[in-house]
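Heads up, the next two complexes both have subunit A, just with different partners, subunit B and then subunit C.
For the complex of A and B:
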């Protein structure tokens, strides 16, 4: 992954509050999900990336330039802020057009780009209406359009799906996938795990201003081996499987919520995934399903951000 | 992108916002108050240069400093509070464009209203002395120039100080009204520092009773002083803008 943006030992203070602490991160092409609860430091990190703030210490570079001090680099960046305030009296097309003009495009080029982007995010019919009449989800999409219209290399999105209905959410995700395919680096924050899950498996988990973990879901899982992972096995021989698994060293506990289901808690889920089919073959047990409730990012996030769950 | 292009775009952005332009119109309408007062005074039998000077005094020492401060002092704070500045600060443009664009959107209407007010006041108060009109014209033109200079200067000061005291727009008001207005009435020395004093010189208004300095400040010196203040304020405002961080509420 070639880095488009790089944060090196970045700390940011608000008065005496530490918003980010010693964060080092590289962002390359494709999509990176920034995950964390409210107050984790996600918005601060994104504002540092787009030059709305400067770090108290450390270095933020986009390409080889610091965005706060060298506004020329902002040409490469598109930013969709979290707040829903916009220019209420402006029509969506005018808003996006004027924002795009500020990247150096002529009025006609900017208008064409604005229309194309607003159509892409599903606002073709509403683009001439004032933003003040828009619903929250529509505003989000208009803000996204203004972030995309100048084809940025780095797209920074702060909770971009907030307020979107399922249809527009799907449309926005399609647009973002297309941007990633075009070669843009996308950084998207969310505290809703399914939103990020729908777009990427590369995540950075922030908690209390620190990078708790980064990598893909499974990579992060590997970092939290202090925590048990649940694997659910549905079969016609749960009891026999349970007897054999009880002797395996990395298995912590076994539960049978019903006659066909065995829930195994383990410290090494990958080993368990390998072992269960072999045991089933040996015991002549037919497995209907082998799944992990933990495969949902929600579980990983819960592990990582809960007081007891921090392992990195 | 050049500064001029960026200013033009911000100007269009401002002009397309009905609520903001409504506020500009309302403030501009207040600059017509001297004209209204002149008409009323003329109807009551008060005519001539003395009455005009009294109205100019009101214009230059109250309305000209106050209205740009009320209009533009909180401008940057509003943008930051509402978050709309975030859309502009992430563009590859000099941040000064935001100040100058707002200035460009507000100033023509303020200048137009002030000029119209002066013309109406002049006509109303000299209607009975048509023969004196040519003699009074240079004084009125000088007053017009002082009004223009004052509005430009105080608008820039309001924006520059507004960017500095962005969370406390009232500080801008205090700095300008108390310091400037107060100093203009101080004995020689402090009086010469106050823009309001030099605007009075430009307008050719008589010295304030009891506070007259022992010598008259040369006209060109006042022009140069005000010009240097405008330039310094513009640079000051631009430099303040470059240091503004948008921290937002949430982390």
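For the complex of A and C:
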């Protein structure tokens, strides 16, 4: 992974509130998910990346230059802010066209790009309507279109799926995958883990202004092995399996939410995955499914933040 | 898990357009947005009425051999019956709808996350607003001044040309300052009402106060706070007295009009107002630009 953006010991204060504290981070090409609860510092980090503010201390570099007040860098960036406000009276196509013209495109080129991008995000039929008549999800897509229209190298998206219905969510995710294929680096924040999960496994977890963890979700999982992993076993012999598993040393707890499901907490999931089929064969139990509800970002995020009293 | 296929390409130098005409784009957008408002179009139409009347009077007077009245044309710019009032209405609409609208719509984060710096934003917005204000403020008086030039004989053509140039310059200055006040109101207040209140306080109140107080207090000093009085004083010296720029310096020792400040003082006041407003506007926009886009 080559870095397209670097933050080195970045701290950002709002008066006396610390939004980011001593953050050092490398963001590479491809897609990076920025996770954290509200107030974690995600939006501040993204604003620093797009030059909307300067760090109180430390250094932010995009490519090899600081983005703050640096048009040469900002030309390469597409930014979708979190807020849902918009020019109420302006049509979507005019809005995206205006934003694209500011990147140096002629009015006709910008309009063509605006139309293409609005079609891509599923607003073909609504692009001439005023933004004031748009639903929250439609505004989000219009905002995404303006971030994409000039083919940026770095896409910075602050909660881009907020308010989107399932259909438009799928559409937006398709567009973002296409951007990633094109070669754009994407940094996308969310506090809804499934949104990030649908796009990438590379995550940075922020909490109270600090990077709690970064890397692949599985790598992060390994970092927190002090936390138990859950494995869900659905079978026709849950009680018999539970009796045998209760004697295994790495098993911490056993739960039976229903007659066919057994949820096992273990510190050594790999050993458990090996042991369960053997036990099932020995006890003549038929396994319907063996899955790890833990092995997703939601669980990782919950584990990482729960120690510090955050409710996810 | 659905994972995007990433093509590793690392850092690449930017190869897109390198000369974005940001100011032009912003100015055009500003003017277009303002002209789309009914109130603005009606104000421009309203501004044509006094100019038409003055134009007809001037035309008839010239035909009747009564000579021209360049002073009346200059007064079109600044008097309540002239184009100043419609221009002020446009400025009020702009105050509520330009920068204040950008702040309300969260548009600053869209602009300043792009290759747009505070100077670009200020100049683009200011130019667009000033052009539309000028359509009402200086456009109709210039048309009348042009009529003077067309009708002028060899002896009076120079006087008509000076009148035209003076109206063009002072009218432009007036329009730019009104636009700057409007933007500053939006930059300071952030809400439509606040921005318009600021403009009213900065322009309308001194204008009315100067008109009332000049007859009550000894001397015209109060009118130094009033933009129309400042413009009128300079225009009076340049057009009515017809002494060219020298008239401004001559006013150092002359008795001024009872309700107007001396032209030299008016000229200084105009420069100070323009510089102070420009500096305050830039400072404020620069601060907003770097406040994270949520100011």
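Rule of thumb we're sticking to: the second predicted complex is superposed on the first by the 265 of 312 C-alpha atoms of A that agree within 3 Å, B and C clash if a C-alpha of one lies under 4 Å from a C-alpha of the other, contacts with A are read in each partner's own complex, and residues count from 1 in each chain.
One rule holds in what follows: a residue touches a chain if its C-beta (ideal position, glycine included) is under 8 Å from a C-beta of that chain, and two chains touch if they have at least 3 such contacts.
All values derive from a computational prediction rather than experimental measurement.
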Label the relationship between subunit B and subunit C on subunit A in the superposed model as either fit or clash.
clash
Just to be sure I read the superposition right, which of the two partners does A:151 touch: subunit B = first, subunit C = second, or both, or neither?
second
Answer with first, second, both or neither: which of subunit B and subunit C does A:29 touch in the superposed model?
second
Let me test your reading of the model: by the given contact rule, A:74 touches which partner, first (subunit B), second (subunit C), both or neither?
both
Could you say whether A:168 touches subunit B, subunit C, both of them, or neither, answering first, second, both or neither?
neither
Going by the contact rule stated at the top, is it subunit B or subunit C that touches a larger number of residues on subunit A?
C
Which of the two partners, first being subunit B and second being subunit C, lies in contact with A:189: first, second, both, or neither?
neither
Report for A:104: first if it touches subunit B alone, second if subunit C alone, otherwise both or neither.
both
Looking at the overlay, does A:39 come into contact with subunit B only (first), subunit C only (second), both, or neither?
first
Touched partner set for A:85, first subunit B, second subunit C, both or neither:
both
Classify the contacts of A:47 with the two partner chains as first (subunit B alone), second (subunit C alone), both, or neither.
both
Both subunit B and subunit C contact which residues of subunit A?
44, 47, 50-54, 68, 71-72, 74-75, 77, 79, 81, 83, 85-90, 98-99, 101-104, 146
Can you list the subunit C residues touching subunit A in their complex?
1-12, 14, 16-22, 25-26, 29, 33, 36, 101, 104-107, 109-117, 289-294
Touching residues on subunit A, where the partner in the complex is subunit B:
14, 17, 19, 38-44, 47, 50-54, 68, 71-75, 77, 79, 81-83, 85-90, 94, 98-99, 101-104, 146, 209
Within their complex, state which residues of subunit B touch subunit A.
1, 5-6, 9-10, 12-13, 16-20, 82-84, 86-95, 245-248, 250-251
Taking the complex as given, what residues does subunit A use to touch subunit C?
1-4, 29-31, 44, 47, 50-54, 63-64, 68-69, 71-72, 74-77, 79, 81, 83, 85-90, 98-99, 101-105, 146, 150-151, 153, 156, 173, 176-177, 180-183, 197-201
